[in-house]
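Step one of this worksheet: look at the structure below.
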Amino acid sequence: MEPSTGYRIDELARRFGLEARGDESRMIRGVAPLDRAGAEQLAFLANPRYATDLAHTGAGVVVLHAEHADASPVPVLIARDPYLAYARIAKLFEKLPAATPGVHPSAEIAVDARVDPSASIGPGCVIEAGATVAAGAVLGPHCVIGTDCTVGAQSRLGARVALVTRVTLGKRVLIHPGAVLGADGFGIARDEDGWVKVPQLGGVRIGDDCEIGANTTIDRGALEDTVLETDVRLDNQIQIAHNVHIGAHTALAGCAAVAGSATIGRDCQIGGGAGVLGHLEIADGVTITAMTLVTHSIREPGVYSSGAPIEENRAWRRNAARMRQLDAMARRIAALEKQVEVLTKERS
Amino acid sequence: MEPSTGYRIDELARRFGLEARGDESRMIRGVAPLDRAGAEQLAFLANPRYATDLAHTGAGVVVLHAEHADASPVPVLIARDPYLAYARIAKLFEKLPAATPGVHPSAEIAVDARVDPSASIGPGCVIEAGATVAAGAVLGPHCVIGTDCTVGAQSRLGARVALVTRVTLGKRVLIHPGAVLGADGFGIARDEDGWVKVPQLGGVRIGDDCEIGANTTIDRGALEDTVLETDVRLDNQIQIAHNVHIGAHTALAGCAAVAGSATIGRDCQIGGGAGVLGHLEIADGVTITAMTLVTHSIREPGVYSSGAPIEENRAWRRNAARMRQLDAMARRIAALEKQVEVLTKERS
Amino acid sequence: MEPSTGYRIDELARRFGLEARGDESRMIRGVAPLDRAGAEQLAFLANPRYATDLAHTGAGVVVLHAEHADASPVPVLIARDPYLAYARIAKLFEKLPAATPGVHPSAEIAVDARVDPSASIGPGCVIEAGATVAAGAVLGPHCVIGTDCTVGAQSRLGARVALVTRVTLGKRVLIHPGAVLGADGFGIARDEDGWVKVPQLGGVRIGDDCEIGANTTIDRGALEDTVLETDVRLDNQIQIAHNVHIGAHTALAGCAAVAGSATIGRDCQIGGGAGVLGHLEIADGVTITAMTLVTHSIREPGVYSSGAPIEENRAWRRNAARMRQLDAMARRIAALEKQVEVLTKERS
C-alpha cells in the first residue's frame, strides 16, 4: 500500500465507535498484516491463531478484542468484533478504480436499450434490445447484457460478465469476472430417441447488495425465477441451478453447488465445495461445513456435516475397506450381544 | 410469460398424442407452475412431491399421469411421462431470440475461414484461420473459434464460448456462455528440474445434439481426441479431461468431473459434483449419485454411490472419529467372536 | 497428425540420451498412441495398464522402460522415465500457432500502459493504465490486463484471460482461456444489518513457468499477496482463495480448491476435486488423493486421503446408515469386551 491520507487514532476511534488505548495522536496512513505492519499502519487481530504475532508487532495501532488489549506493545483500538471494525476502517484506505461515465465507443448498444448517462460501459460491451442499465452502474470490458435484462443502480460488473436471459439485478450488486447469470437451466426429459430439452421460461432475480464471485453460474428458472434475496454473498465458481431460492444474508463459499428447486433460508452459511440436492429446503440459520452433501431437508438451525476424515493413505485404505462391512459389523455386534446375554444369564 | 398464440386443449391432445379429459375447448396461451397457473395456462404434475398443489390449481389444463387425473379440479391431458409431454408442449410457448444471418462488423474473420452466409456471427467474435462455421449456426458475442475448428450446422453458441484447438462440433450442438473446449489437456512429466509439459496433440469431437453448460471445460486429447458421442448433456461447470470418451445420451449434472482417459458408456447419468478417476471404464446404463467418487471401473449397469451421510455436526464429529478406528473395531469384533465361541463351547 | 519433418531413431536416441534397439535408421515423422501408431510414428509405453498393446503395435519405434524392451515387436528407445522422454520428443512434432508481434487494431491500450513491441496482443484485448506486457508475451483474443498488472516475458494467455487488480505474472507463464486472476478475495464481516465487505488490498504473484488451467480462479490477497512460486501447475476450474501460498513445482488437478490463507509446500500433488480448508499448512512433498478434504495441517510428507468408498447403491445405503451409529457401535464393543472379560475370568 502506498501512503495515503492519514487519520489520527483518536479520529478512527470516534468515527467507528471504538475505544482507543495508548498514544492516540499517532497518524495512520494504511493497513497491513499484524506481523508486517509499520508505525503508520493499522493491523488487526481477529483469529486467535495469530495472537502470537501481537507481541512482536510494529503496527501503529492494532484493532483487537478487549481480552488481547493488555498484551499489545502498541496502541490499540478495542472492538467487540475486530474483523468487522477492521473491514470498516480498511475501506478508508481502498482506492477503487474510478469509472468514467459514458459508453466506450467499441461497445454495442441496441437502439432500444436504456443506458443511464451516469453509467459506465466498458470496451466491447454488448447491450441487447430492451435491456436497462441504471444510474451509476459500471460494466467492465466485454460484458453482455441480454435482451430485457436489467442492471440496477450502482451495480458493478467485472470483465465479461454475461446476463443471458430475463435477469434482473438489484442495486449495488457486485459481480466478478466470468460469471454467467440466466443461462438455460439443466432441464431434460427422456424419450425413446434421446433427450428432449425442457424450455427454460423463467428468469433470475438478484436482490440488492448481493455479491457474485468469478466464474460463478446462476441458471434461470424453468418456469418461475431463480432468486437471490438481498445481501446474498457467493464466492467463486459456485453453481446455482434453476428455481433455487436463497434467503437474505446467506453466504456460500467457493465451489458450492445447489441443485434445482432447492430453497435455502436466510442467514445460512454454506461451506466450500458443499452440495445441496434438488427440491430440498434448508431452514434459516443453518451452517453446512465444507464438502458436505445435503441429502434431505434441514428444518432446524444448527451446524451440519458429512464426510469421512482425512488420514494417512494406508490407514485410510484399511478403514475405508471396513466401511463396506459396516452393516455386517453391526449385525455381528448384535449377535455377540445376544450370546453374551445368554452366557451372563446362565452364570447367575 | 406474456400471452401468445393460443391452442385449444383438444388440439394439444391431438398434436402430442395425449388423452384429454374435461372441457377440451379451452384456449391455452402459456405455461406456468401448478400452484400459480391461470385459466389460460397449462401446468404439469410430474414430481409426486407437488401432488398436493393439484387440488388448488387454477390452471386451464394440467398434464399429468393417469393416476392423478381424478384428483384434478380442472381439465387434464394424460401422459405416460408428464414431464416429457410438458417439455414438448412448452416449446410451443418459447420465444427464442431471432438471430440475424451475417457477420457483425466488429467480428474478426480470418481470410481463409469458411462462414456460411446463413450463419449469424455476433459482435466481437474471432474466427481464426481454417475454421468453419456451417449453415444456420449462431455465435453469440465474443466467441472465439480457433484455427481449424468447426461449428456444425444449426449449432448455437452463447456469449464468449471458446473453441481453442482442433475442436469439431456436430449439428445442433448447444453451448452456453463461458465454456472452453479444446484447451490443453493437463499433461505434465517430472524431471529433476521441474515439470515438462506434454504436448497435447489431439482434439475434441462433439456429436450431434449435445448440450454443454456454462463455464464447462473440455480439454483436447493428448494424442487421440476427447469425444462426446451424440446427445450427451453436460450441465454447468463440468470438467472433462483429455482423452475422455462419453457415450451417447449420457448426462452429467453440474460440477461433475471426469479425469483423463476415462470412458463412460451410453445412457449413463452422473450426479452433480461426482468425480471419475482417470483410465476407468463405466458401462452403459450406470447411474452415479451426487458427489460420489468413482475409483474403479464399473462393469454392470446400476446405481452406485459413495460418501458418508450428513448429520448434526456434534454427532458427526463423534462418528467420524470412529471411522479412523474402524479397522481396529473390526478386529475387536473378531476377537470377541473367538472368545465367545470358546465360552459357548465350554458351557455345553 | 499430418506428416512433418522426420528424425531417424538413432538421431532421437542421441538427442534425448536414450538407448536405441532395433533398426535405428527408420524415419519418425510424428507421434501416435501405441495401438494405432504407424511405421513412421513414435509411440510410448508408460502406464503398465497398456502393456498388452505392445505386442500388436505397428509403431515405428516405442519409447519404453528397459523391462518391456524384449516384448516389443518393433524398434525401441529405452528410457528410465518413458513418459518424460516422450514429453520431450513429442515437442518436436508440435505445431504451436505462430503469434504475430504487434497490437491488433481492435485492442484498447491505455496511453500509459507499456507493451513491448515483440509482444502479440490479440483482437479485443484491453490493457489498462499502468499495465505492462513484456517481450515475447502473447495475449489471445479478449484478454483484460487490469491497472498496474504485469505480464512477464514469453508468457502466453489464451482467449479472455482476466488479470483484474495487482497481478504480476513471471516469465513463461501459460494461462488457458477463461481464467480470472486477481478478483476480490471473499472477505466479509457480519454486522447487525448484514455483510460488510472487507477490502481486498493485496495482489497475486505468479512465478516463472507456472501453468493455469481454463476457467481457474485465483483471488488477490486481503492484505498480502496470493502467491504461486515457480513451476506450479494448476489444471482447469481450480479455485485459489486469497492469501494462499503454493510452493514450487506443486501440481493441482482439476476442480481442486484451496481456502483462504492456506499454505501448501513444494512438490505437492493435490488430486482432482480435493479441498484444503483455510489457514492450514501442508508440508513439502505431500500427495492428497482426489476429492479428499484436508481439515488439519499436514506436517509430514506422504499420501493422505479421506472419503467413503463407492458401492452399489443399496449396499451403500445400508452401510451409510450404520455410519451414523458408529460411536454407539464402538461403545457396544467396549461393553462387550468388559462382559466377556468378566465371563472369561470367572471361568478360570
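Letters are used for the chains, namely A, B and C, taken in the order the chains are written, and counting of residues starts over at 1 for each.
We adopt the following convention: contacts are C-beta pairs under 8 Å (C-beta built on N, C-alpha and C of every residue); 3 or more make two chains touch, one makes a residue touch a chain.
Bear in mind the structure is a predicted one, so any value in this text is a computation, not a measurement.
Asks: Is the contact between chain A and chain B built from the same residue numbers on each copy (over half shared) or from different ones (under half shared)?
Replies: Because under half of the interface numbers appear in both copies, chain B and chain A meet with different residues.
Asks: For the two copies chain B and chain C, what is the rotation angle that overlays their Cα atoms, in steps of 5 degrees?
Replies: 120
Asks: How big is the gap, in whole Å, between where the Cα atoms of chain A centre and where those of chain B centre?
Replies: Chain centroid spacing, chain A to chain B, equals 25 Å.
Asks: Please set out, as single numbers or ranges, the residues of chain B touching at least two other chains.
Replies: In chain B, 106, 124, 142, 160, 178, 215, 237, 255, 273, 291, 307-309, 311, 321, 323, 325-326, 329, 333, 336, 340, 343 touch at least two other chains.
Asks: Can you name the residues of chain B that touch chain A in the complex?
Replies: 1, 31-33, 36, 47, 49, 81, 83-84, 86-88, 90-91, 93-94, 97, 104, 106, 122-124, 140-142, 158-160, 174, 176-178, 209, 211, 213-215, 230-231, 233, 235-237, 248-249, 251, 253-255, 272-273, 290-291, 307-313, 316-317, 320-321, 323-327, 329-330, 333, 336-337, 340, 343-344, 347
Asks: Under the stated contact criterion, what part of chain B meets chain C in this complex?
Replies: Counting only chain B, the residues touching chain C are 106, 108, 124, 126, 128, 142, 144, 146-147, 160, 162, 164-165, 178, 180, 183-184, 186-191, 194-199, 201, 215, 217, 219, 223-224, 237, 239, 241, 255, 257, 259, 273, 275, 277, 279, 287, 289, 291-296, 302-309, 311, 315, 318-319, 321-323, 325-326, 329, 332-333, 336, 339-340, 343, 346.
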